[in-house]
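Here chain A shows up in two complexes: once beside chain B, once beside chain C.
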Partner chain A sequence: KVEFGGGLELLFDNQRSHKLTLPARVPLDNSTSSPPSSPPSPQNNEYEGETKPVDVAYLVHWLRHHLLKERAELFMEGDTVRPGILVLINDTDWELEGEGEYVIKNGDEVVFISTLHGG
Partner chain B sequence: MPRLCALCATQRPILKRPKTGQQICKTCFFHVFETEVHNTIVEAQLFQPGDRVAIGASGGKDSTVLAHVMKTLNDRYNYGLELFLLSIDEGITGYRDDSLETVKQNQKEYNLPLKILSYNELYGWTMDSIVEAVGRKNNCTFCGVFRRQALDRGAAMLGVDHIVTGHNADDVAETVLMNIMRGDIARLGRCTAICTKGEDTIKRSKPFKYTYEKEIVMYAYFKHLTYFSTECIYSPDAYRGHARSFLKLLEAARPSAIIDIIYSGEACEVSEEATKELKERKTCKRCGYMSSNDLCKACTLLEGLERGMASAGITDRGRKQLEASGPAPDGLRTIPFFQMNAQSPSQSAPDDGRDSAPPMPAVVGVEAG
Partner chain C sequence: MSTSCGNPNAESDALMPRRRKFDRSKLCIKCKINQGNIVIRHAVYCKDCFLPMMYNKIKRTIEPTINPTPEGPRKKNLNPSGNLVIAFSGGLGSTVLLDVIYRGYFSSRRPRGETNTLSEGKDPKKERVWKEGKVCYVEVCGAFHGMRDRTDDVRRIVERYDDLEFVPLRIEDAFDESWWESVDLILSPCSRNGTPLSALCNYLSSLPAPTAIPSTLQTLTRLLLLHTALSTHSSHLALGTCLTSLSISLVSLVAQGGGFNLKEEVQEEWSPDSLSRSKGRSVRVVRPLKDIVMKECAMYAWWKGLEIVGQETWPGARQGISRITKDFIIGLEKDYPSTVSTIARTCAKLSPKDHAVGTCILCNRPAQPGVQEWKNRISIRSLSTDPPVSSEKASLAPYLCYACHTTLTSKSSK
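After this line comes the complex of A and B, so read on.
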């Protein structure tokens, strides 16, 4: 489950809450060319080449390619989220969970909050 | 072996503090967040019991959390303060009108009296109309100058002794950088002061001066505080954006950079030579507000707008153009005369000792974009 706050939801069709299903293993280079089929079979390695367990870094790329409606530069900078956007994994600062390298488990909740606006 | 909070060692940590790098749990986070603000307030001796304090409330994350924390600390530590919410309506459609709804909600949640003052009623211009006349490059200057005066007038109407704003550590650090980048020595010397006081203006402080923006957002998130969060539609063109992007990159590389920049700013002393060039403070001949020149910045800007020479207060060319076209015609809209002492019953006598700091002209750098 993914949630957006702090104004980020405006980039994602004004929807704060999204439920996603991602494959258990994903390409090492975070390429998101084919949308995940559901449900992914545990035996079936859907991708050719090097893969890794699905992690938050992949999720970010996936969101940018499949859910982001506009202005990608407000969400991502280079290979990761734009500085100033906080990420919480199961209500915990992602810096404590290994940031992009955290491997996503079934039922995990990831929240993206932007801090880049007036107070 | 599960991780434990660095402070209480009993609960699971949920946050890594940028200031210290500590990993702490939710309860400890609330505690250090609130206590650090309390310490900031006490060490700077910001308040006296019985003070009437207006909280500059925009409905955004900083002012919402400020209202919550001020109320919490006032109750917990018995500051004895009378708190008010003061909100300024700049007239930015789609931004300010929505955020004011949040302030009204805050008013109900915290049960505090609320006053809203609009640019339209004070100056006869909304930010939308100003941007139409001025364009998107210098409009932030208008907004900052007008808002500062509007806050002072609103506070005078409420009869308060003190205004608090939600400026956080990131804001102050950005301002230090901005003033360095623009060579604005006068502002550089003042912008890190936690409390600013002029003879003719109401005391104004920033209890969140050492509070990281990230922690404010996390606090609001974990406490489920509602706030309004959209960028001002005119802000993408603001100069502050450069300082902000730079600061965010610095923070990612070295989180203590924000506090360190503030410390550098505080340590900066303006050299004697530079001080001689600073202007002395007078009062505006037209509206009575404090000013470095005969006319305060707000009156200059407004005259420019009214006479169709909007860049009068901003560029040298605009200023010369205004001066060349002679004195202002009669009947031009002006700002009503500002009298601080008349309206506030609890206003104490003026300071008996002069400040040792250099005189403070009308606009402190934080609001101008």
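After this line comes the complex of A and C, so read on.
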């Protein structure tokens, strides 16, 4: 489950909460250009080449390519989320969970909160 | 280009280990029992310890500013000389500030003067600190064509807080004589055609650079809030500036020539004139969140389920000094979170060399001497070698501080 807060939902069709299903293994280079068939089977490794267990870094790229409706530069900068966006994994700061390298498990909840609305 | 670090003992393919984002373990440093939920400047806190920690930090910042004179060695009861105005911008900081102040100083306490017959006595800690609280919002959409009016969204949020009065203002009120009369300020009559809104738009369009627009709107907003506070017999005006925003505004202020007023940017005691000051009519501008970083505000808002109205990005703001500074410091905070507090601490150590020679007639802050002489020395005013002939026309320039003088005269390079 992915949630957006702090105004970030405006970039994702104004929808705060999304339920996603991702494959268990994904390309090492976070390529999301050829998404697996829906619903993807966790057993199949549908990607050729080097793969890794699905992690938050891949989720960010996936959201950017498949769910983001506008202004990608407000969500991502380079290979990761833009500075000023907090990421919580199961209500815990992603800095405590290894940031982008955290391997996503079934049922995990990831929240992206923008802090860029100032004081 | 060589990417080697030059150390002959290092392997050529060696990767520098990533710096840890937190010290020691993932356990909360306060209770040492729960797993941490959040990292703030390398310290790990669980959710149960984070919220009380935040309340206590804000309390330690705001309470010393409540009594008119600073406390001596003996701690006194909290007894402000007037009411409280909370400035609300719709942003993250002011949303958090409103919630914290309401919970800590209004909803959890009985109104002043009421006594509970069942209680043992009149416990001052159970009584409200300020008799009345108002929440003031300044709508700026009039300054920009097509910007959405957020007053109703803000009203909906503020009305959730009982006993706090919502006071909506508009940025064009600064050009409305009837508004100034309503806050007991008598202006000299001037002939002007058109509405306050058209006067505001003319003023903004005549500014010389894009950076001048957000600075001007900030000055006008600040003046509207200060006069509203004074006219509502409020002794305190609370702003929701968090530590991150404060560091941004301090650096941005210095970049725009406002270094003389660094202290006022953190906390100031404002009076409209010396007569009011002598009568004790002043407003203390405080920033209770000035030791709270933006990340803490965001986590508080998320865990408390607070709705953030947000602030519209001003068109053209990307080019302004404030926006560039914000992008830089937000980026710095991500990799070096302690830097942000260092900026605020260093600025707190600075004080101007000269004493103020009066008050700027535009921003109402202390003005330094010799602004025009300095400007003449550092810029080429004329290609002629003859000394400049002084103009007979009345001019605002001698009455402005350096920052306002720069805002009104400094042209963009484009």
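FYI, the second predicted complex is superposed on the first by the 113 of 119 C-alpha atoms of A that agree within 3 Å, B and C clash if a C-alpha of one lies under 4 Å from a C-alpha of the other, contacts with A are read in each partner's own complex, and residues count from 1 in each chain.
Just so it is clear, a contact is a pair of C-beta atoms (placed from the backbone, for glycine too) under 8 Å apart; a residue touches a chain by one contact, two chains touch by 3 or more.
Source: prediction; values computed, not measured.
In the superposition on chain A, A:5 contacts both chain B and chain C. Of the two partner chains, chain B and chain C are each touched by A:95. Residue contacts after overlaying the shared chain place A:86 against chain B and chain C alike.
When both complexes are overlaid on chain A, the residue A:113 reaches chain B and chain C alike.
Of the two partner chains, neither chain B nor chain C is touched by A:32. With the contact threshold set out at the top, residues 5-7, 83-84, 86, 88, 91-93, 95-96, 111, 113-119 of chain A are in contact with chain B in one structure and with chain C in the other. Those residues of chain A that touch chain C in the shared complex are 5-7, 83-84, 86, 88, 91-93, 95-96, 99, 111, 113-119. Against chain A, the residues of chain C that register as touching in their complex are 21-22, 26, 35-39, 44, 47, 89-94, 239-242, 244-246, 289, 294-295, 297-299, 301-302, 308, 310-311, 326, 330-331, 333-334.
Taken together, the chain B residues at the contact with chain A in this complex read 3, 12-16, 23, 58, 60-63, 166-168, 171, 213-214, 216-218, 221-222, 229-232, 235, 244-245, 248-249, 251-252. Considering their complex, residues 5-7, 10, 83-84, 86, 88, 91-93, 95-96, 111, 113-119 of chain A touch chain B.
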